[in-house]
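What follows is a pair of complexes built around subunit A, which joins subunit B in one and subunit C in the other.
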Partner chain A sequence: MTDPRIAGAGVTQFGKHPERTGRDLFAEAGLEALDQSGVDPDDVEALYYGNFMGELAEHQGHQGPLMAEAIGVDAPATRLEAACASAGAAVREAVKTLRNGEADVVVVGGAERMTNIGTAVATDALAIAADDLFEVRAGMTFPGAYALMARAYFEEYGGSHEDLAHVAVKNHEHALVNEHAQIQKEISVEDALEAPTIAAPLGLYDSCPITDGAAAAVLTTDEYAEEHGLDAPVAISGTGQGGDNLALQDRPHLARTPAADKAAHEAYADAGIEADDVDVAEVHDCFTIAEVLAIESLGLFESGEGIHAATEGTTTRHGEMPVNLSGGLKAKGHPVGATGVAQLATIAWVLDGSHPRADAVPDGTVGVAHNAGGTVASTTVHVLEVKE
Partner chain B sequence: MTETPRNGEYDDWLDSIEDGEGYYVECDEGHGWLPPRRVCPDCGSRELHDEPLPDSGEIVTHTTITVATPQFEDDAPYVTAIADFGPVSITGLVRGVDPEDVSMADVVGIEVGERETTGERAVVFRPR
Partner chain C sequence: MTDPRIAGAGVTQFGKHPERTGRDLFAEAGLEALDQSGVDPDDVEALYYGNFMGELAEHQGHQGPLMAEAIGVDAPATRLEAACASAGAAVREAVKTLRNGEADVVVVGGAERMTNIGTAVATDALAIAADDLFEVRAGMTFPGAYALMARAYFEEYGGSHEDLAHVAVKNHEHALVNEHAQIQKEISVEDALEAPTIAAPLGLYDSCPITDGAAAAVLTTDEYAEEHGLDAPVAISGTGQGGDNLALQDRPHLARTPAADKAAHEAYADAGIEADDVDVAEVHDCFTIAEVLAIESLGLFESGEGIHAATEGTTTRHGEMPVNLSGGLKAKGHPVGATGVAQLATIAWVLDGSHPRADAVPDGTVGVAHNAGGTVASTTVHVLEVKE
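Let's turn to the complex of A and B:
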């Protein structure tokens, strides 16, 4: 069975680009990935594309074929939607397609355009990932949903807003050298704690920004990479996906993310690794509390311990388990449909040594990417390993 | 202007709360859910029946939302909470108390109120 190789990846500058269309954002990322890969575009047999709110932000549905056309690929294209985990779901479909022998080369990616509709309307559009009848009509927003999870976490395990502030500070610091990052600005714990509240107890610096951007990668079978002499040392060795009740109110636990537990277990078993083997992680920190929940679900920290990881420095670039060297969604930005592939690109670049923060994991060979949709009702986890 | 169609079972459920006859759906294994349900997500049972909703619930988490969507801009700041009614948990707007006075484990009753912004119905919790 092949462990698909990441032959090339492209990521746009994440940020506010209200006048750039999704099709142009994706063209930029996709063409860069193709160029980096050295793969002949005619060899591409499929596109798996993540996008969440294209209908609302751009009045554009059926985006798969549009995006294949945008990158000059004549191949069947499928758009996957799993809210913020759309690109992670796209990666999973791409991996399965290569493994089952249907294809030797595929492009996987995603894009989201959000700032053209403004913050308030974008917040409303994002909220459709929650349960409209029982959550949205009761005032739920995504900051609100994660605030509910944060308060439940503090109630069950302890911790404070200051611990969350350390997550924000860490991720902002990591992003300072990331040319793709939307926010390249150092902040202090005091800055984070004094920022305006959005949904108590979460403030401005607990939240990721509204972002336009795209990401893409070219994946090939082992055999294709070898046959064509590609420089592709990093492989996707494990894939997993988990689900949970959509609405928070329907879950037994508000301070855990079982969908991510399931995705991690599946991905680790698939890769033949354990949590202890992981050297570096990119996780879905749409809000600071989300990173805490993610690193616990990934088995990197025990339940109730993840809250201290940034405060104690463990998850910083100087710590034993660097998390979100890209800056995470928090500082790198979160163009919803692109995030899962941007994480994949980051881990690949860290492991192959080309990422500006690669020095944080000099001997790293195993990375994980955790991409969550909604209030973690959908989650994908992918394991990347150096296979040179 | 065209009238918006009702969301069948959801609006029926709101009607029941307004009438003081709130209910939830329970399967033959005792798992509780809000309607509409044809199958229990936990155990797969299709034997579902209506049961009276307990008169009060306890807040298990809450947040005061200051940055709202356009649908709630005139309501902001407002409190959204999840309250545990025993067999089911429900999400609602906390009314009748200042946001800073809302606490974990507060006991609340359930009713149907209106959003300030749109006038649409919403689940409302009031402290007991």
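Let's turn to the complex of A and C:
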């Protein structure tokens, strides 16, 4: 069975693009990925595409064929939606298609346009990732939901808002050299602690911004990469997905994310690695507390220890286990349907040495990407490895 | 490689269910499928779920985990969206997952709630399957788009509205004994011709209704079915998907559906059959002209011959090639995200002899299901075979 190779990847500038459609954004990322890969667009046999709120933000469903046409690809195209893990879900199906022998070359990507509808409407659109009947109508928003998870975590394991502030400070610092990042601004722990409260205990700097953007990657079988002499040293060697009840009220525990535990377990088993083998991770830090939960689910830290990781410097670019070298969703931005593939691109670039923060793990050969939907009711984890 | 078995299927009453949520509808279909299959819900390892307009009709995205919980399944769940072919796309990923050896049991299904938002809003929501920028904003609706395709067909191949009326009469007659059908009403050719015009040449009886409903099926590997003594004689032996430009303006030809040609070609090759082997078909007759285009793309009729099939009786339940024994989308109804799986259920029930119209093909062993999205910009085709 093939280990799918990442032959090329493209990411747009993340940020506010009120004048550009989702199609326009995806075309840029997709064409960049194709160009970087050296693959002939005629060889692409399928497109798997992540998008979350196109129906609400652009009055546009059925975006699969639209995006295939936008990048000049004549192949069946399917949209995956798993809220903020939509692109991660798309990667899974792309990997499956290559492993099945159904295709030698696929494009995977995603896009989201959000700033055009304004923050209030976008916040409401994001809320459809929660249970409308039992959460949204009761007034739940995502900042509120993650605030509950942060409170539950503090109560069970300890830790403080100051520890979360260190996560934000770290990710802002990481993003300073990421040209695609929405926010390139150094902040201090004091800045984060003094910022307006969004949903206590979370403040402005505990939350990712509203972002427009797109990401794409060209994946091939290892046989195709070899035959065509592609420069594609990084393989996706493991994939996993976990699910959980959508509504927080239906869960036994708010300070853990079992869907991510399952996804990590499956992906590691699939790749034949263990958590100790991981050199670098991109995780879904839509809120600072989410990064803490993610690194625990990935097995990089024990339960209750993740809260200290940024404070102690372990997850900074100078630490033993660098997390979110891209700046994470926090500073890089979070164009929902694109995020899972943007994470993949970051890990690939870190492992092949081309990322501006690659010096954090000069000998790194194993990376993981953790993409979560809703309050981690859907999670995908992918293991990437350098395979010469 | 396994030939995935259909171990059980469930379909709700199609029609108007303004008082029921999509979750409630899917729970009914999913639990019925599980019950019929005899599979332990704890054995289900994944849910693939089709839905098209939940964001607009129910303010609910991220429906995968919601629906898994609704049927008591603790497994990762992913939503697929390819407009009206969403459920067909879900079936493809389910089949791939079983063939890959990643799971032994999966549930595939879909649901749509549409009547709660009213016909005008539902028509606008359906329009997001077309290109918003280049079609919808120019005033395009789906009845209008299919009317253009009918006109192009008549101009190229001949045929008339009366031929299309025979498609409607046939499908209404087929639905008379389908207890799940939204419309159980016999009509005459005159009724169809005298009905109000929707978009010339198409009239009221050329169009499927707006429908609420859900469908689900339990799929297993053949090894699992054998080990557990399941009564699952029907296998999914072939799957195919084709894509086309979303906007009609970007296509060279309006009287053909090349995405369906490709999907059929791929599915037949995958199953190792030819069009001549097909005994029965369920096709995507959102409009009567769509059935004509579908049976030509499936290779059951030559280009230009499909228009005469219903008129001559070939596709009736007494004919050589019965099409849409369920009543089709036309009379059974079209809860968008459920349709592809409802087609699968019909074919399985016809082939195992339990469908009330199964006597149309008493010796039938091969059936196909054709599910199309938009103006056939996405198409999936599945081949079902009796395998003892």
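The criterion applied here is as follows: the second predicted complex is superposed on the first by the 388 of 388 C-alpha atoms of A that agree within 3 Å, B and C clash if a C-alpha of one lies under 4 Å from a C-alpha of the other, contacts with A are read in each partner's own complex, and residues count from 1 in each chain.
Following the convention adopted for this analysis, a residue touches a chain if its C-beta (ideal position, glycine included) is under 8 Å from a C-beta of that chain, and two chains touch if they have at least 3 such contacts.
The shown structure was predicted, so the numbers you read here are calculated from the model rather than taken from an experiment.
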{"item": "Which of subunit B and subunit C A:Ala152 touches, first, second, both or neither", "value": "first"}
{"item": "Residues of subunit A touched, compared between subunit B and subunit C (which is higher)", "value": "C"}
{"item": "Touched partner set for A:Val121, first subunit B, second subunit C, both or neither", "value": "first"}
{"item": "First (subunit B), second (subunit C), both or neither touched by A:Leu133", "value": "both"}
{"item": "Partner chain(s) touched by A:Leu248 [first = subunit B, second = subunit C, both, neither]", "value": "first"}
{"item": "Subunit B versus subunit C as contact partner of A:Pro143, first or second or both or neither", "value": "first"}
{"item": "Which superposed partner A:Thr197 touches (first subunit B, second subunit C, both, neither)", "value": "first"}
{"item": "Shared subunit A contacts, counted only where both subunit B and subunit C touch the same residue", "value": "133, 136, 245, 250"}
{"item": "In the complex, subunit C residues that touch subunit A", "value": "21, 23, 46-47, 52-56, 58-62, 64-66, 68-69, 74-83, 89, 92-93, 96-97, 99-100, 102, 125, 128-133, 136, 241-246, 250, 259, 262-263, 373-374, 377-378"}
{"item": "Footprint of subunit B on subunit A - complex, ascending", "value": "120-121, 123-124, 127, 133-141, 143-144, 147-149, 151-152, 155, 196-202, 245, 247-250, 254"}
{"item": "Partner subunit A, residues of subunit B touching it in the complex", "value": "7, 10, 33-34, 41, 60-73, 75, 78, 80-82, 88-93, 99, 104, 120-123"}
